[in-house]
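Letters are used for the chains, namely A, B and C, taken in the order the chains are written, and counting of residues starts over at 1 for each.
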């Protein structure tokens, strides 16, 4: 009977742990996506600067 | 003794759920950041388009 | 006679399954044995599959809690994918399930490199499309696809490459003439093995027949796939004997007629019991 209680608890704990591990993977995927976006922003920022600087030089 | 096992199991489940909720908050914060970045990127994209179109119109 | 053979036995079987389902905790072993021996009544199929696939634990007291956890996990993953713009409201559910699965196993491609599905993705999608026909609720559907695919690969991954040999063996027992023809025409090497042994006939059999095959796969047998393949070959023997090109055979079997599939599956299950025995645990 005691064993029974333990098995039941393990079943519930597994399901909870599964949610937790999935959340961790979600966070990793989100971080990867953010990283990509930041580097895209930087590239765009620097290209904007590059294209405007000749004009500034002319003034 | 049985009661003991049950209390312990409940404690473990709580701990696991608490870990889960923390991770979940992290993921939600990352999602909010992502949303901001997307809108920033879109603004920049549209301003790039806006600034080039007059030039094209002039040609 | 039909009623006696199928109907009456069906009632008895249903009653014994109901008794099994009243156990708390559920005896997963006995449920597997039942499912190996008898077709599952459709009203209990999804519930039994969820227990056999480990989506629900044996203790029925935990079912409500665990179901809630499963639903939360589904919601977490799908909303994250929406936030990342991998999916949107217009994404077909099967593609959503694929991306969810990829995220969970950490194999989500970069968004900039999202390609049309390849290889293993196609197998997953085929299983997903078939499961979608069987299971209405999206949360249940996703979990069943995911656990079906995982369990299948985990339990049978090592056996799959041997199934074509096994098919050859049993076909030689049942119809050596047909086997000889398939060998001579070069067709044996290029039968639709992926459809049969990787997708478990998803997309090849209509859902009513397919679920009876999956009853056996989910409860622990991949051998059943071989016997379904054997019975398909036997059923279309006359047609196949007239095709001398491997491509012709492949194309015919990949798009086989959907008419007699129930009878084919019934014969396949009989043949499987004949060669592999009926599990004898008392139910």
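Note that in this section contacts are C-beta pairs under 8 Å (C-beta built on N, C-alpha and C of every residue); 3 or more make two chains touch, one makes a residue touch a chain.
Computed from a predicted model, the values in this text were never measured in an experiment.
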Query = Where are there more C-beta contacts: B-C or A-C?
reply = A-C
Label of the chain whose CA centroid is most distant from the centroid of chain A = C
Task = Averaged over CA atoms, how far is the centre of chain A from the centre of chain B? Could you give it in whole Å?
result = 7
Remark   = Rounded to the nearest Å, the gap separating the Cα centres of chain A and chain C is 34
Multi-chain contact residues (two or more partners), chain B = 24, 27, 31, 34, 38
Ask   = Out of chain C, which residues touch more than one other chain, so two or more?
value = 76, 80, 83-84
Task = Give every residue of chain B touching chain C within the complex, in rising order.
result = 24, 27, 31, 34-35, 38
Inquiry  = Quick check on the complex: what are the chain C residues that touch chain B?
reply    = 76, 79-80, 83-85
Key: chain C-touching residues of chain A, taken from the complex the two chains share   = 4, 7-8, 11-12, 14-16, 18-19, 22-23, 25-26, 28-30, 32-33, 36
Remark   = So, in the complex, the side of chain A touching chain B is made of residues 1-2, 5-6, 9, 12-13, 16-17, 19-20, 23-24, 26-27, 30-31, 33-34, 37-38, 40-41, 44, 48
Task = Sort out for me which residues of chain C touch chain A in the complex.
result = 25, 57-59, 61-62, 65-66, 69-70, 72-73, 76-77, 80, 83-84, 103-104, 106, 108, 110-112
